[in-house]
Every structure is written in structure tokens, then in C-alpha cells.
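Heads up, the thing below is written out as C-alpha cells.
By written order: A, B, C, D, E and F. Residues from 1 in each chain.
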Amino acid sequence: MSTFGLIEYTDASDDDIMATRKTDYINNFWKAIAHDPALLKRTWEGLKAVMGPGALDPLTKELLYIAVSVTNNCNYCIASHTASAFSKGMTPEMFKELQQVVGMANATNKLVTGYQVSVDARYQPPLNLQK
Amino acid sequence: MSTFGLIEYTDASDDDIMATRKTDYINNFWKAIAHDPALLKRTWEGLKAVMGPGALDPLTKELLYIAVSVTNNCNYCIASHTASAFSKGMTPEMFKELQQVVGMANATNKLVTGYQVSVDARYQPPLNLQK
Amino acid sequence: MSTFGLIEYTDASDDDIMATRKTDYINNFWKAIAHDPALLKRTWEGLKAVMGPGALDPLTKELLYIAVSVTNNCNYCIASHTASAFSKGMTPEMFKELQQVVGMANATNKLVTGYQVSVDARYQPPLNLQK
Amino acid sequence: MSTFGLIEYTDASDDDIMATRKTDYINNFWKAIAHDPALLKRTWEGLKAVMGPGALDPLTKELLYIAVSVTNNCNYCIASHTASAFSKGMTPEMFKELQQVVGMANATNKLVTGYQVSVDARYQPPLNLQK
Amino acid sequence: MSTFGLIEYTDASDDDIMATRKTDYINNFWKAIAHDPALLKRTWEGLKAVMGPGALDPLTKELLYIAVSVTNNCNYCIASHTASAFSKGMTPEMFKELQQVVGMANATNKLVTGYQVSVDARYQPPLNLQK
Amino acid sequence: MSTFGLIEYTDASDDDIMATRKTDYINNFWKAIAHDPALLKRTWEGLKAVMGPGALDPLTKELLYIAVSVTNNCNYCIASHTASAFSKGMTPEMFKELQQVVGMANATNKLVTGYQVSVDARYQPPLNLQK
């Protein structure tokens, strides 16, 4: 369900999602934002460009998506991207290490903040990539 | 700088950080929390256990750390882990794709939330890993 | 439902909410915090002062409320203020543009943060309102 | 400054920003992400499409941008969009009401959450826009 | 500094802050929002009502303020409330335990979220305070 | 429920939780992360070390945990730690004051941020604990 309800696929104007993902299943997110075709188009094209293979492989990108979604506490996003990551090859062991990193990063983020730690001179941008 | 100031290494009780990282540089975070040796010990041991090689490689873990830190808006963490990721082999192109994923995930996290999209039945936990 | 349950209106000590809103419906938030009359009174008086007409009209203020609530991922707040905004004249088209802005702002907030962009000299406070 | 430094405009490949904004000033954000031309292009095109006039006017959209940026604690975004909003006609009185709404919304978001208030049946999506 | 600059005390309309706090120092927050006397008045009155002694003592309330401010990553708030807590009797050891709790809570918050753990039946609101 | 389902206690390898808490009830969080024994062990040992009596008493630590969890919008954590705090002696009046502080802190955090208030010189770290 969503604010305006869900538009089933036969009502939707865009099917590049199905073709690209090689699936006949469209998840609720797309059915929900299909009420705004401009948003649907821009979001899908952006996602397709960003999440494909590049310097980072698609599975690593899914792991990053989950890390962001957990930190943002977005339950829908966690559920759908966790499923997606498993379908792209994430093993249970990878899932567990991912959660460990996310938990640890959230802890140390707050320790740094609570102790008011200033950035070391050598980490100040711009980075010297030769260093 | 930090709330209690920084404890330079010769004052600190723990040097496994230097040995493990093969460096003589200790960054401000450790010098700041060195005022609480129990916290320093638990944090370092946790970080060492979590960030080493496993089902995910150390560089992927650094990328995840950055993704969390950006989402949490922790400037210190972003600066230090971006430097760390470059030292572990992150290329500029990988950095750019990482930022693209983080930006995209933050956008769609909020679209899902704003449209009040409910989780598809097939994504409800527990996951059927056979599917 | 809520931590202490909901206090129905006939039990509540305050009815300026009904009078101001010209409604006989009190939503769960007020019934939940009615367990703390001081909080109820301060919150309602604050909300009444803040959300009324002024330099910004009440509908714009509802849109801002939704933008904050989505960014904070507060499902109750999103549901109730989305309903409230529609009752104050938000059209579906306005809702859609609101979500687009919220999604875009969340994305660029994180790109700025991830790229560690420093504030341009001309944007540093205090603002020169003559500029 | 930024992770990779700033690319001055004469080095940048895109000048639709200047033309659209009727300015010869490019702010640091664009100079920072100019290291990733694909991101720059997608972000600019998205922003241009989203922030222009529509069902909501450009000033209202700037106010929403500020509300999100404050909630996300993005200092760069707050500084630049506050300046931008003033340039589009935000008065000091509008700024003040905006901050009041943002403060109030952040407070009640957390009261709702802390009291574990469940969504009223009538606010459950999908919304009945006739109601 | 702040968006509109700081209004020094001799320009401000409210001096109950000095009297209540038994100090002749007004911190920047109040000087910044003094541009909006209605906000200043409502905020100060709210803070005075909330932060005084009650079922929780003022120092515990300062600790809670810090915990929220660290989680929200509000540097100004962390700096000023950490100073305030020390002036109200927080010891360095209390500060350290506070940071440990904040770090731990942020970690487990995200582990719960990442593992998609549903609330135990016995913790569902409303709470049975007899249990 | 959780991503991998819940491991009932008779399957779990660690029972120090029951012994320390003097209970035969294990809540879902532990059953969920029991799929990762290393995480379970590290988390439990950390929590046990952090949440016990020290310079701050266990109830104060529960209040801090709730303050963080509300700010992070972690529903599971709010539900379980609210129950835990009541079991450790939190009264309804303490709960109410806690929520008031959390609401107020979230509001002023954002007012400070929105008004771009810079830190007073006297609050800059390191703190002079003699002052």
C-alpha cells in the first residue's frame, strides 16, 4: 500500500524495469511512485545508471545500499535491498559481516562526535592521493 | 582536539593499533578516547575483529564505513575513512561510484518513506534464501 | 495505541484542540500525550502559535512538516500531516512535487557531505541581506 | 575545498548552470562534483527539473530544501540554500517561521516516536482524497 | 556567528535567562534566536520548565540532552551541553560512561534494524506497568 | 521475526544473558543475532560492561538508551528499553520528563542548526574542567 495506492504494471507506462531486471515482478516502490511518471522515469534511469557494473560491482553496490538504508532506518528499503542482495550472490556470511560493519560504524561515528574529535591535519581535504 | 584533549601515544597504554596497522601514526580518534582505556580497548578490539578480511574484503568494509558515515554526517569519520580507503586501494572512480550510490540510496529511502510504501509480501522477513 | 494507552477525549482536560480545528476528532498523538497534561498544553499552544497563518500560510507549513517528518522517517507524522495537508488544500500534484524536492534534497545533502565540500565564502553567516 | 579539490568553471564541461541561474557564480558543490561529469549532469538536470515552477513555486521549494537540510544537519546545504531562498524573495519573517516549524516538527516527531503512538485508522494509506 | 548575527544582551528583551541561570553570560544560541522574540520566549520558557528539577534531576536531564545531541550530530549542542553538564556536577567518569552508552545504543539500534527484528509481544504498547 | 528467523534459546550457545538478567526470557534481538555467534558474544559482553552500575546507575543508562533510540527512531529499541527501564524502577513521571527532554533537545538541536550558530569560544574543546 502507499499514499495513493499502487498502480499495477499493466497500468504503468514504463516496462524497462522488467526488461532490465529480467523479471515479471515489479515491487511496490515502483507501483507507488508510478503516480508521478516524471519521478518514476528519473528515478529508474538514475538507479539503472548508478547500480550497474562499473568500478564497483553490482553486489557491492547493493551492500552499500543496505548500509545506507539501515543507517536511515528505512524498513522497506532494508527488506527489498536485502532480498535483492541475496539474489545477486550475497551469502549469509557476507550479510553478517555487513551488519557488523554497520553497527561498528554507527558506534564510532557517535564516539567521535561525542568526544568532539577534530580532523587530523593529514585527513583534511583535498586528499593527496600520492600519499 | 577533543573534549579532554588528545593523549599522545607515548602516554597511551595500547600499541596494538600501530602494530596491526603497520604505522607509527595514531589518529586523533584514538588519542581522544584514550582517556577511557576500557572504551579504547573494547573499540579497538571490536574494530580489529570487524574490519579485517572475511567474507567481505577490507576495502569493501571501508566503503561501507564511508557510506554509513556520510549518511550520519560525521565529518571526522568521512575524512579519516576516505583517506583509509584510498590507502587500501580505493580508486577515484570507486570513490565516485560510492558517492553516487550513497546519494541515490538516500533519495529513494525518502521517496519510499514519503509515499508510505508497505513492504511487498515476498520481502517480509524471514527471507527464503532458496528463492 | 501508545506506551500508556490512549486517553479518550471525555477524559482529557483540554478541548481547545477541537475548537481551533473545528472538528470533533482528536487524533492519537494528543490522546497519547494527554497522560502528561503539561506536555500536552505546551505542545498544543506551541503548535497553534507556529502553524497558524503568518508570513507563511498554513498549507506551506504543513508541507514543511511533512518534509521534516519524511527526513526523520516518522511514519505517524507522515501519515497524519499528509492527511492534514490534503485537508488544507494540498493537491496530488503538490504532493508529488514535495516528494521530489525531499528526495532531491536528501540526495544532494549527502553528495555535499560525501565530497566534503566547504561552504563558499559568500554563504558564510551572517547573511548580507542586501546582496 | 573538497575531497578532490574544486574544478573552476573554465575547466568544467557544463555551463547550463550559469545560463539557467543567470549568474556567473558557480558554487563549490558543483566545482566539487565536477570530478564526476556523469554525476554532475544527472544532478543538475534533476535539480533543474525539480526546483523550477510547478504546482509549488520555486521559493516554497527552497524552503522545503532548507527544512530537509536542517533536519539532516547539512551545514553546507543550509548555508547555500538559505542564501538562495533570500535571493528568491524569502523575507526574514519567513525565515523565522520556517525555523519555528522545523523546530516544532522535530520535537513532535520525537514525542510521537517516544510515546509509541500508532497511526489512526483514518490516516492509514491509501488516503481517501474525497474525505 | 549566525544567520542574522548575534544580538548582544543589552539589545535583547528577555533577561530571565541570566536570572534563572545565575550568570551574566548569555550563549550564542540565545543571541542568535533573539531575532525572533516569540521563538526566544517560547523556547526559553519551555526549556526552563523542562530542564528544572522534577522526577529526574537537572544533571540527568543534561546527560539526556547530550545523548540526543550526539545522536543528532549537533556540534554546537554537544559543546554547550557538555560544558553545562560539567558545571552541574558531571564528572569525567560520568562523561565517559555516557559516551559508552551512546556508542553502544547507536550500534545496537542499527543491528536491530539491519536484522529486521520484530518487537516481542510482551514489549508491545501499551505497557503493563504491573508486570 | 527477523531476516534469518529467530534462534530459540535451546539452540543458542550463550546463556550468560539469562544468568546476568536473572530471567528465563530472551528477547528477539538476541535470538535474531544468534545467527552470528561472534556478533552475539561481542555485543552481549559490550552491553554487559557498559550498562552495569558505575559512575552512572543502570536506570540512568536505560534512560540514555531510550533517548538515543527515540532520536534514531528505532521502534524495537524504544519498546524493549522502555519496558526494561520500567522494570529497573523508572516511574511514569520519569518517563514523561524523559520524553519532554528528548522533544526539547530535538527542537533546539535544529534551531541551533537552522540559525547556523557558531560555538561560543568558552565551549570550544578541550574543556577547562576547572572553570
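Assume a contact is a pair of C-beta atoms (placed from the backbone, for glycine too) under 8 Å apart; a residue touches a chain by one contact, two chains touch by 3 or more.
It should be emphasised that the depicted structure is a prediction, and the values quoted were computed from it without experimental measurement.
Chemist: Following contacts chain by chain, what is the lowest number of steps it takes to reach subunit F starting at subunit B?
Modeler: The least step count works out to 1.
Chemist: Which chain's centre, taken as the mean of its Cα atoms, is farthest from the centre of subunit E?
Modeler: So the chain farthest away from subunit E turns out to be A.
Chemist: Would you kindly state whether over half or under half of the residue numbers at the subunit D/subunit F interface are used by both copies, giving same or different?
Modeler: Comparing the two copies, subunit D and subunit F contact each other through largely the same residue numbers, since over half are shared.
Chemist: Report the chain pair from C-E, B-E or A-C that duplicates the B-F interface, where duplication means over half of the contact pairs agree by residue number.
Modeler: C-E
Chemist: Of all chains present, which has the mean Cα position farthest from that of subunit B?
Modeler: Chain centre farthest from subunit B's centre: C.
Chemist: I'd like the Å distance between the centres of subunit A and subunit D, where a centre is the mean of that chain's Cα atoms.
Modeler: 21
Chemist: State, to the nearest whole Å, the distance from the C-alpha centre of subunit D to the C-alpha centre of subunit E.
Modeler: Each chain reduced to its C-alpha mean, subunit D and subunit E end up 27 Å apart.
Chemist: Averaged over CA atoms, how far is the centre of subunit B from the centre of subunit C? Could you give it in whole Å?
Modeler: Here subunit B and subunit C have centroids separated by 32 Å.
Chemist: Give the residues of subunit D touching no fewer than two other chains, as numbers and ranges.
Modeler: As it turns out, subunit D has residues touching two or more other chains at 1-4, 33, 38-39, 43, 46, 71-75, 79, 82, 92, 96, 98-100, 102-104, 106-109, 111, 113-116, 118, 124-125, 127.
Chemist: If you connect every pair of chains that touch, what shape comes out? Choose line, ring, star, complete or other.
Modeler: If you draw each chain as a dot and join those that touch, every dot ends up joined to every other.
Chemist: In their shared complex, at which residues does subunit C touch subunit F?
Modeler: 3-4, 33, 35-36, 38-39, 43, 72-74, 125
Chemist: For subunit E, which residues are in contact with subunit A within the complex?
Modeler: 66, 70-71, 73, 75, 78-79, 82, 98-99, 102-104, 106-111, 113-116
Chemist: With touch defined as at the start, can you tell me which subunit C residues reach subunit E in the complex?
Modeler: 1-5, 38, 42, 46, 49, 124-127
Chemist: Spell out the residues on subunit B that touch subunit D in their complex, using ranges where they run on.
Modeler: Touch residues, subunit B against subunit D: 73, 82, 92, 95-96, 99-100, 103, 116, 118.
Chemist: With touch defined as at the start, can you tell me which subunit A residues reach subunit B in the complex?
Modeler: Answer in residue numbers: 1-4, 25, 27-29, 32-33, 39, 43, 46-47, 50-51, 54-56, 60-61, 63-65, 67-69, 71-72, 74-77, 79-80, 82-83, 86-87, 91-94, 96-98, 100-102, 104-109, 111-120, 122-125, 127, 129.
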